[in-house]
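Note that chain A is present in both complexes that follow, paired respectively with chain B and with chain C.
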Partner chain A sequence: MYPLTRFYARKLYRQKLIYIFFACFFTASFFYAFLISTPQMEEMLNINIGIVGRKNFPEFMMRFYVGTVGILFHVFLLTLFICEEDRNKMLYQPLLHGENRNRMIRSKIYVAVSMSMVFVLLVAFINYITAFMRWGYEIFEQAAFIRTIIKYLLSGIYMSVITLGIVLLCICTRNAWKTIFFVIIYLLIDQFIYSSNIALLQKIWVGYYLNLWTFAYEYQKIPFSELIIGIFIMILYGIAFFQISLYRTKKIDF
Partner chain B sequence: MIIRLLNIQFARLKRQKILYLFFVVMAVIIISNALQEDNGMGYYAGGKFPTMCMQSYIDIVGTLFLSFISAVLICGEKASGMFRQPLLNGVSKKQLLIAKTVSILTVALICFLFVVIVSIVTGFFLWGSHIFDYAQEYLLQTLLLAFPQITMVLFFVLLSLYMSNISSMMCASLIILLVNNLFSQFFGDYISFVDFMYYLYAFSGYNGIGLTGKMIVSGVIVNIVTGIILVYGISRRTKSMIM
Partner chain C sequence: MEKIISVKNLKKAYKKETAVENVCFALAPGNIMGLLGTNGAGKTTTLKMITNLCSKDNGKIVIDNVSLDENPGLALSKVGAALDTPSFYQELTARENIECFAHLYENIPNGQVMELLDYVGLKNQAEKKVKKFSLGMKQRLALARAMLGQPKLIILDEPANGLDPQGQINLYRLICDMAKERNTTFIVSSHQLHDMEKFCTDILILDKGKSILQGKTENILSETTNIVDCILEETNAARRVLSGCQGISLVSQKGNQFTIRLENICFDEFVKNLVANHLHIHYLSMRKHSLQDLFLKLTGGAEPCIH
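And then the complex of A and B:
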């Protein structure tokens, strides 16, 4: 691993907020697995544990992270990682030690993208642990297990693309609150597009496919064609975000 | 002096394009929700529509937006060194914090009223006078929700006095909101005695929680007591804070 990448990775994983967040997520997963035991509770939470429990539980809990909460968590961490460093004049420090802009931003992007993947896998791990504690080996029914793991991997791809988008926003705006605000607007527009009937817009919207996989094909296998189109669109967005980030970094006036 | 400070804060807020963009986005969301409910003959079509809009605003969007405004006005200014500028002109720390809190509070109430009014107007165009079928219920909810929102603003002001930058303030707010949401859902009966944020959900009828006289009284008391504690916390922090 390139020393600068290792340095950034160490810096990011020193954030205590990450550990607090995942401790909270474990608590949430634990509560949902163990505390929904009465019909009154099911009615109040609008959940049927017979459906969302057992083999479906890890998929059910996935939606609590992937989407709004996960994206907001990422934007807060990334603004801390890029915008705040920029404001504190720490972003260009590596340049004074002989690094170039390209390598510096690439290191940041690699750390950010791997972080988003690791977080999704961590969420999967937490959910499988709590589900195993509650239902034992029942959760490993082969078809459901493979389907859930595929969905987690797809979510990982989506979160990586969104991470690239957030990095691009950070580089373009160079301001934490503007980046956060644009991401909130993205989330609102994403919900609007998914619930609208504008088919053309839906086809080219990156967030649409995640919503499709998570909600329309909930506890079901995703059709191969939908899967390929979704991944293709996400990769396109990812490449565009990555290239524009590199281009904009060259233009930054430190 | 406070009036002058308040005018400065409001003038700054009025210049924030983000506030107007937020109004536009909220209006679009409310209208699209209304059209969706209308098409699908949803549960919230008609008189219950304003309640639904209040719930979705209170749930995460509105609360995070309030945290965002507090973060920008306090953490952002602290980080850029602008926070202490008025102090050079003879303003006390206390006056400055009062002006900031009042301006955030005003934004909170304007945003909330905007959601209520737009939802009623949109509902009126779609369902006519049916929008007033549950008027008594949602007007009471609007009135009651002012209490936890005021306490929430005080809480965010206190939190932003402890946070060093916008990102960590927002991250902390997100975690607090999620934990609160979790505890409100699972242990609502117990935390209703101590947690003012529970009433953001309870007063908006979230998850079908019904409004009872006992709940209203305990909600108002919990919010007032927490508010007093938070004001005390803010004043202590303001005194000890090194600008």
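And then the complex of A and C:
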């Protein structure tokens, strides 16, 4: 691994926010697993335990993460990782020690994207642990298990693209609050587009496919065609975000 | 003569405002150049263009015979810099902070980090977290970080900011020692004009982005107009002699106290002239412009206060 990438990876994984978030997520997952399966809660929340619990529980909790919660967690983490470093005059320090801008931002992006993938896997791990604690081997029904793992992988791709988008926002705005603001705007637009009937816009909107996979096809197998189109659009967005980030970084006057 | 850095026609504009215009200078190994100017004069922008942190609109920068435009990586490998207020990873110790950046170099020998910390007087504080450091300690640590990789040129942007007088003197001594012992070239921007006058071999004064004075410090100070205070007997005769004397001008007269500006005549010749005209000299003293006087005069600040 390139020294700068290793350096950034070490730096990122020192963030206490990560450990606090996952401790909270584990607690939430644990309590959800045990609470939703009590008859009182089932009645109160009108939740059919047969759907959201047991083999479906990991998918149910995945939606909880890849929606607003996970994206907001990423934006806070990445603004600390990029905007705050920039504000503290630490972002350009490697450039004073023989690094070039391209390598610097590539290292940041590699660390950020791999972090988003790792976090999705960690979320899957936590949810399977809590589900296993509550329901035991019942959760490993083969079809549901494979379907859920595929959805986790697709969520990983989506979160990586969102991470690239947040990195680009950080580079363009160079301000933590502006980045957070634009991400909130994105989340609102995302909800609007998914619930609207503007088909053309939906087809080219990156967030639409995640909503499609997790809501329209909840606890169901995703049709192959929808899957391919979604992945293709996400890859296109990812490449665009990556290239624009590289271009913008070259132009920054620190 | 070997030049460590050569800057030609450097120019930078932000939208319609020109930040730096036609700045040129060159420095030999072991030189210390003081980059002076009022706030917003273009000092930091100049330093950032040299370190490639900021794009330039025009100009050429050559560092140790390597063009910054053609091979920025190689050119900047010869440069160490501490710009803006010293910033570090607050949760890490001084040693860890330097080690973070030492990993970016290929051939940093083990123990060099501690050696650098020792050099800047922070060896005993190596395991202390940076958040507990005073500003002076952070400035020293920034210097240690800038020294990583044994650069031939070190650029320091207002390194004495926030330091007490003792801290300032110690820092400048450290810079002088490095320049002498290691033949390192320094570009130091500062507002500490008295210290700059003492420590810098070269001076460059910027005003509104333009270079308004540059050269060797001793030349700059000696070439500027000298002022002589004298008390002479026989006021009228003295006045007659002085008005007939070539190369001087009378600045002021109060009784038999005269203030004279030596323009095209040296001090010794002036004294000989007075003696040759049989004037009794009660008191004679030559004053020189300090760097601060010059700076204020050139940048259109307050009237120079002559000491």
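The criterion applied here is as follows: the second predicted complex is superposed on the first by the 248 of 254 C-alpha atoms of A that agree within 3 Å, B and C clash if a C-alpha of one lies under 4 Å from a C-alpha of the other, contacts with A are read in each partner's own complex, and residues count from 1 in each chain.
One rule holds for everything that comes next: contacts are C-beta pairs under 8 Å (C-beta built on N, C-alpha and C of every residue); 3 or more make two chains touch, one makes a residue touch a chain.
For clarity, every value in this text was computed on a predicted model and none was experimentally measured.
A.B. asks: Applying the document's definition of touch, where does A:E218 land relative to chain B and chain C: first, second, both, or neither?
C.D. replies: neither
A.B. asks: Is A:L96 in contact with chain B, with chain C, with both, or with neither (first, second, both, neither)?
C.D. replies: A:L96 sits against chain C, while chain B stays out of touch.
A.B. asks: So in the superposed three-chain picture, is A:E226 touching just chain B, just chain C, both, or none of them (first/second/both/neither)?
C.D. replies: Once the two structures are laid over each other on A, A:E226 reaches no partner at all.
A.B. asks: If you count the residues of chain A that each partner touches, which comes out higher, chain B or chain C?
C.D. replies: B
A.B. asks: Can A:E141 be said to touch chain B (first), chain C (second), both, or neither?
C.D. replies: Neither: A:E141 stays clear of chain B and chain C.
A.B. asks: Using the superposition on chain A described above, determine whether A:I184 touches chain B (first), chain C (second), both, or neither.
C.D. replies: The answer is first: A:I184 touches chain B but not chain C.
A.B. asks: For A:S195, using the defined touch cut-off, is the partner it touches chain B, chain C, both, or neither? Pick first, second, both or neither.
C.D. replies: Only chain B is touched by A:S195; chain C is not.
A.B. asks: Under the definition above, what is the set of chain A residues touching chain B in their complex?
C.D. replies: 17, 20-21, 24, 27-28, 31, 35, 43-46, 68-69, 72-73, 76-77, 79-80, 83-84, 87, 176-178, 180-181, 184-185, 188-189, 191-192, 195-196
A.B. asks: Would you tell me which residues of chain A are touching chain C in their complex?
C.D. replies: Of all residues in chain A, those touching chain C are 3-4, 6-7, 11, 14, 88-90, 92-100, 251, 253-254.
A.B. asks: Using the touch definition up top, name the residues of chain B that touch chain A in the complex.
C.D. replies: Answer in residue numbers: 18, 21, 25, 28-29, 32, 36, 60-61, 64-65, 68, 71-72, 76, 79-80, 165-168, 170-172, 174-175, 178-179, 182, 185-186, 207-208.
A.B. asks: Spell out the residues on chain C that touch chain A in their complex, using ranges where they run on.
C.D. replies: These residues of chain C touch chain A: 48, 51-55, 72-73, 76-77, 79-81, 83-85, 87-89, 91, 100-101, 103-105, 146, 148-149.
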